[in-house]
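What follows is a set of structures for review.
Each of the next two complexes has subunit A plus one more chain, namely subunit B in the first and subunit C in the second.
Moving on to the complex of A and B:
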């Protein structure tokens, strides 16, 4: 078992090193989310954005639209130069590859979110400082679900002609329950409502996170048969 | 295959009077609902379509898992056929629902958990069908489609129980429990449930067989091209 986790750690290390050398994925995700926030700013002009009803939705639009770019990239790099074949030839469990890709995706998405939130707060004048821990927890829970089903489906999009166009089409419908719950809970956080009032939403997120992670670990093998 | 087709054609002959009978039961035999009036009669179609779509997506789950375990294309074609029928039924749910909602709630649509999750299910299988059309000649398609089919079918319980878990406008599901329904209404409901379920079986089997013919045609075409090349 320790060997398994060492494999996962090595794969994560490889991907993070690759990303650090090139910084392509992070730069494109972060830049896109900055652009989105600026577009929101233009769209709403100087009007105050309601922290309960509008801000959470806008924030999660920024997260998901930018996030889908990264999800596609982390798998697409393996398709270049036959890297994926080499990975599949390595004497390691396929689920280790899934877990590694999933962890890398969570890390990259988290960095993008950390860049987005302060900018979102300043440009759209939504105060996030009082609820930062809650917001971080919600973003993490939502991102885990997004990354798990996204990692699984990015194997389809990365090997297809349509490439990054295909991923959101397949991913967003499955991602609806988690994003609905995340948006609701973010609304609770931004308006200072206690988290325990949203127990139902937490249950929904956690159930979907667990189901998608389990499905991803079990089904990843099938996706990668070449 | 021939025998199965004959069986289904026999079923179709029963279905023609069956559908007319179900219409009679829903519009004539069943009493007028006291508070909602005649618009309630859409319930005799809306609910069977919804339950029928759940059954179809159950078949999608079984057939997708079956394909991944056995790797026979027949399972994959069964999953495809079930998705098409389930998608059609979900579309009918989403069309009949608003007609009732406009009369009962005064709006065509609200974003409550039941409606949202049904729309989500429809979108998931719309993307499934998109993937199938777009990757039609890709040998990896059956695997990809099976995974997507499993992920989609996992959502069916959520759609069914969403009306119980969350506070929704949508009426709670009462069909799978007894009591509460006027006996004449219950009879009408059972008739239309039976007819709509059998219709689904007929559509599913025919689509499945059609998929097999399509596969055979593609094989023949490939062979003809092969000979022309020579």
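Moving on to the complex of A and C:
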């Protein structure tokens, strides 16, 4: 088991080092989310935005559309020079490849979200400081869900000629439950409602995260068979 | 030279949706043997090597490793094989030592920096250890692929045109390195279009034509006549 997690750690380290050297994924994600927030800021500059009904949706639009860029790129690097085949030739559990990619995607998405939220708060005049811990928890739980689905589906799409188009087509329908739950709970946090009132949404998020993380770990090998 | 069969195919058939690329190939590779697989473009040589490496499963037929069914999901089976393909298997933003360090971790090796430096030196890459792989020439990339395949000292090497892109000194040093590995008991299966490179390494030649293994016991001492026959057959295939 320690060998398994050492493998995961080695693969995570490799991806983070590649991202540090190139900074392509994080830059494109962060710039795109900033662009979206700026556009929203201009669109709503004449009127106050409702923190309960409007702000959460706009925030998660920024997260999810930027997230697709990152998910596509983190798997694309393995398709260059046959690097994914090299990983498949190595005597490692293939689920370790999925888990490592998932962890890297969560990290990159989290960094993008940390960049986005302050700008969102300033430009759309939505106060986030009073509910920052709740917001962080909701963002993390939602991010785990869409990173697990996204990692699995980006594996399929990256091997296709239509990869740029295929990933969003596959992802968006599957993302609906997690995004809806995250938007609802974000509304609760921004309006000061207690988190326990959103128990049903929390249940949905937790079940979604567990199911798709398990599915990704178990099905990754099958997805890779050409 | 040991006569143990380490890798064998029985009636292996493979295709990609159209006509089969491999059609019932029977082949044996023995320990300490250098088997050179010849044939024109499209004969199925690379496909056969990918099957033997475990990247795909044959549509029909079987592959056995030391008498047991070859199971690509078995880590021990994967550890037994070192594979060089047309792709470099390297991350371009990393340097050669960084790529090999990652490979060492994935193979569970306790290679020191000195081991990696020595291996890169043997393959003529010691001077380029600080450069990212994206700055490598084709020949340098090929040398790194070879280093990666040799890193875990596999008993079986599957090399798809290993001399491709190498300069004359690289070809000579690689031939010597592979010949030494073979004498140490390593089984080597390789493809090449240039038969002159094979002489120091190959102990047997096999001919693949349109997915079938036609001759599998050719003597490398007959390379000049084999070369002539190869060209005639190749010209015949074009007609």
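The rule we apply is simple: the second predicted complex is superposed on the first by the 225 of 226 C-alpha atoms of A that agree within 3 Å, B and C clash if a C-alpha of one lies under 4 Å from a C-alpha of the other, contacts with A are read in each partner's own complex, and residues count from 1 in each chain.
Criterion: a residue touches a chain if its C-beta (ideal position, glycine included) is under 8 Å from a C-beta of that chain, and two chains touch if they have at least 3 such contacts.
Bear in mind the structure is a predicted one, so any value in this text is a computation, not a measurement.
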Which of subunit B and subunit C A:47 touches, first, second, both or neither: neither
First, second, both or neither for A:211, with subunit B first and subunit C second: first
A:17 touches, of subunit B and subunit C: first, second, both or neither? second
Partner chain(s) touched by A:27 [first = subunit B, second = subunit C, both, neither]: neither
Which of subunit B and subunit C A:85 touches, first, second, both or neither: second
Touching partner for A:127 - first (subunit B), second (subunit C), both, neither: neither
Which of subunit B and subunit C A:7 touches, first, second, both or neither: second
Common interface residues of subunit A - those touching subunit B in one complex and subunit C in the other: none
Subunit A to subunit B touching residues, read off their complex: 149, 152-153, 156, 159-160, 162, 166, 169-170, 172-174, 176-177, 180, 200, 211-212, 215, 219, 222-223, 225
Subunit A-touching residues of subunit B, taken from the complex the two chains share: 68, 116-117, 120, 123-124, 126-127, 130-131, 134-135, 138, 140, 143-144, 146-148, 150-152, 154-155, 158, 165-166
Parts of subunit A lying in touch with subunit C, wherever the complex brings them together: 3, 6-7, 10-11, 14, 17-18, 21-22, 77, 80-83, 85-92, 221, 226
For the subunit C and subunit A complex, residues of the former touching the latter: 53-56, 73, 75-76, 78-79, 81, 83, 85, 87-94, 98, 102-103, 105-108, 132, 148
